[in-house]
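We just call them A, B and C in the order they show up, numbering each chain from 1.
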Amino acid sequence: MLDAAVERKPSLIGRMFRSLRLPLNDPFAVLGLLIYAVFVLTAIFADQIAPYDPTEILYTPDYNLAADLRPGEDGYILGTTSLGRDIFSQIVHGSRSALLIGITAAFMVALIGSIVGLVSGYFRGWVDVILMRLADIAFGIPFLPFVIVLAAFLEPSIWNVVIAMALVLWRDTARVIRSQVLTLRSRGYVDAARVAGSSDLKIILRHIAPNILPLSFLYGSIAIGWAILTEASISFLGFGDPQSISWGYMLQDAFASQALAKQAYYWFVPPGICIILVVSAGFFITRGYENILFPKLGR
Amino acid sequence: MTMQTSAPLISIEDARLHYKVGGALSALRGNPPVVKAVDGVTFTIRRGESVGLLGESGCGKTSMGRLLLKLEEATGGAIRFDGEKIADLRGQALKRYRSRAQFIFQNPFDAINPRFTIRQTLSEPLENAGVPSAEREARIVSVLELVRLPEPRQYLDRYPHQLSGGQLQRVVMARALILEPDFVVADEPVSMLDVSVRAGVLNVFRDVRDRLGLTAIYISHDLALVRYVCERTIVMYLGKVMEDGPTEDIVHEPLHPYTKALVAAVPVPDPNQSHDALPIGRGAPDPRNPPSGCVFRDRCPHAFDRCSREVPHLRQTGTRHVACHLFDRTE
Amino acid sequence: MTEPLLSVRDLKVSYKVGSGRIDAVDGASFDVPRSSIVGLVGESGCGKTTVARALTRVIADNAAITGGQMMFGGRDLVTLPEREMNALRWRDIAFIPQSAMNSLDPVYTVEYQLNEVLRRRGGLGRRDARRRCEELFELVGIDRGRLSDYPHQFSGGMRQRVAIALALALNPKLVIADEPVTALDVIVQRQILDQLRELQAALGISVILVTHDISVVAYICDRTVVMYAGKVVESGTMQATLTEPSHPYTMGLRNAFPDLQGAASGVLTPIEGAPPNLAFPPPGCRFAPRCPFVLDTCRTVQPPLEGIAADHAVACHRAGEAATLREKAARIETWMGRAVA
């Protein structure tokens, strides 16, 4: 227990940080956060880390296409693709699109889901009925086909995944947060705030939102993995954005170039590992949050 | 009594709070079961009067309190505070009402946000009432002194879990009193506390009420506690008023058969006290399915055939009002 | 005097908290005579629930019985091997936990839950179990037709009766009930207590009733054990302890209670202050910081639990002046001007 007797009033940022309740005492969650940290740094400094432009077609000193080189050959760390592009640089830049998609999708899902959940659970009545019926509709939409259809209507772009997730996946977050809000709403201190004359907005922001923030984060961190996985699937199926390099695109490229037959494991194993690492990192963090939020599930 | 002359601060006329229960499926079937938490309650409270709302859980006493504080909207009838219908209060008028009518919650461990310090908790009503921040600390300290929390400054930056139940309940009272209200509803404020500290909280309640001239409602199932703080008692059963009168008269000569049972059941700490058998049938009130006629008749030892046919209305009997056919001489 | 059913001597129970140790029960001694109801009274945190749980040896993971004896039928429950202890539970000693009425499993009928106990633990056949279920329901005054109902179909009081039936299922000699009526309204409370009294007399069993409410003790108990901060401060017959309370704490409890029979203008006297933190108990009498009659010795020397009359023991340095103290304790000024709990 915190010995808050000596604790002074913490700053706003400190308070916000504390209400996120990062699961720092769960070793798996810490591992997950470390993996994220590595990928975030890689994404930020991708231009400095990657030796080549990932889309640049490379040539050997004797002006041949530098295609299908093995790792280490001619100084290409992970070798090159059939088109003569540097695999390592692609991996490094792939982290950029993965994180961009993951984080924006997670943000959208958590934001929309939290707002819908808060409004629905707090105000109840017809607002609740309408929002929850919308959630039911969203539950009825098969996710992957929806993304493909969306890609067909819009230009192929990595943002399709983000849009699709924002349109569909808020439902889980909203449902869970709504039920949490329903129980929080019946707490004595919420009634007390009303009797004290606080407005609905103030009650939501002050007394309810801080308690559901960890839940938003939980669903956000689940969404990161989902988004990256979905983007990879979409790209692999060929509905991805050909202009941007992502791990899914790399897998598709390797598949189309029959990398397996060429035994070019160095080509498709690294992006696969990266996807697994990021998705499982999200899972580890999720687990850490679950231990905080639902301690009785643990052990 | 001198209060007879002063105008009522609160008047409740035929207040109702009916819930539909059983969800969408039974609603589709046509007639969803309705729970009548409050069903046609009428009474007035004079300025400065303290009234006990007495009854078992499910009798509607807490719902009545929540209606008065607009924590719940009545589904029928009218509640007037100082002449104004509280259902119509909006905007500034509602804000003013919020500063004049306050609630003391049953469970102090639940009524204070565990993330807030005592200072933050007590600042909230001041903030809402537009009290400038420079004045707030002085107000907080003085209200904590009022509820007899010694050396209040040491508590300001503590969190609720660092206070004992008795101290927390004083903070809850302080929050209710900080805007100097006219009217306070206390919902079993000592039921969660240890017996040894209950007396302290009750004494503070009594003293503060007298000192500020508050109008108060005290909700409880224990007549001994109600008697300690209220001059008048209203007995409720399944959403209806059974008896309403001066507490001392009710204690010494309960009229309604249900009141008789409540009086007989009051726990007494004296081992030499003789106890009569409880004059009440077993079983518990079922709010979904109340009996026809008088809602108490299935547990009443005196029930006769008229009780199942006809709902008894509150009628004046001596110093009080009773809703029981036994006291109706008109037929 | 015949040998008591249960005799607890110098019982110690400690909790491990962080790196420290808290002696939640620190040398409790009391007897439970055959066919009697013993009230174990005290405020929250005084160790009464810990004592009750220690008697069945079902205690928290971080708790341990660190000393003393609990003699039951010639055997010491403290040292009894777990196998034999397990055989005793429910069959000889039944425990009704706090809010037992809310711990019935909502997805099974009450008959199923009774059966579970009767057949698994009691080894009864299907037909005998059925008969026993009906018998038990009759015993606690519920219509046998309701055996096939689910817990949520019962009111709070009814569920408490079911919990009592569950405890009585295997004819125990001792029933330990932890706050059986605390959450109930006065009328239901009274009905449950009447039921408990009736059953106790009819079956000749003993009951330990854990409560914070002295009026419950006055209503139903034969004997009282008052605990404060992990220690027994007063024990004896209920009559003696409540009509002539001899420990200032008991006097305080007695005066803190509103009395419907008393004068309307009376003022209740709270015991101000809070129980000590058991991680750092005061060196002398543990009640000393809140006691209006405290002497210098009280702050340094622990008073032993000593008999002051036949069957009435008190742990107080001023037990000899109890009669005078009682008079003073009845006045509110005596208790004023201390720290607020």
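In this text, a contact is a pair of C-beta atoms (placed from the backbone, for glycine too) under 8 Å apart; a residue touches a chain by one contact, two chains touch by 3 or more.
A quick note: this is a predicted structure, and the numbers were derived from the prediction, not measured.
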item: Chain A to chain C, fewest steps along touching chains; value: 2
item: Interface ranked first by C-beta contact pairs; value: B-C
item: Furthest chain, CA centroid comparison against chain C; value: A
item: Between chain C and chain A, distance of the C-alpha-averaged centres to the nearest whole Å; value: 54
item: Interchain centroid distance [CA atoms averaged], chain A/chain B, Å; value: 50
item: Whole-Å separation of chain centres (CA-atom averages), chain B against chain C; value: 31
item: In the complex with chain A, residue positions of chain B that touch it; value: 66, 69, 71, 95, 98-99, 101-103, 105-107, 110-113, 115, 117, 124-125, 128-129, 157-159, 161-162, 172, 175-176
item: Touch list for chain C against partner chain B, complex; value: 43-44, 141, 155-158, 185-191, 194, 212-216, 218-219, 238-239, 242-243, 252-261, 264, 267-272, 274, 339-341
item: Contact set on chain B toward chain C in their complex; value: 56-57, 148-150, 164-167, 170, 194-203, 221-225, 227-228, 248, 251, 261-273, 275, 278, 280, 282-284, 286
item: Touching residues on chain A, where the partner in the complex is chain B; value: 1, 4-5, 7-9, 19, 187-189, 191-199, 202, 206-207, 210-211
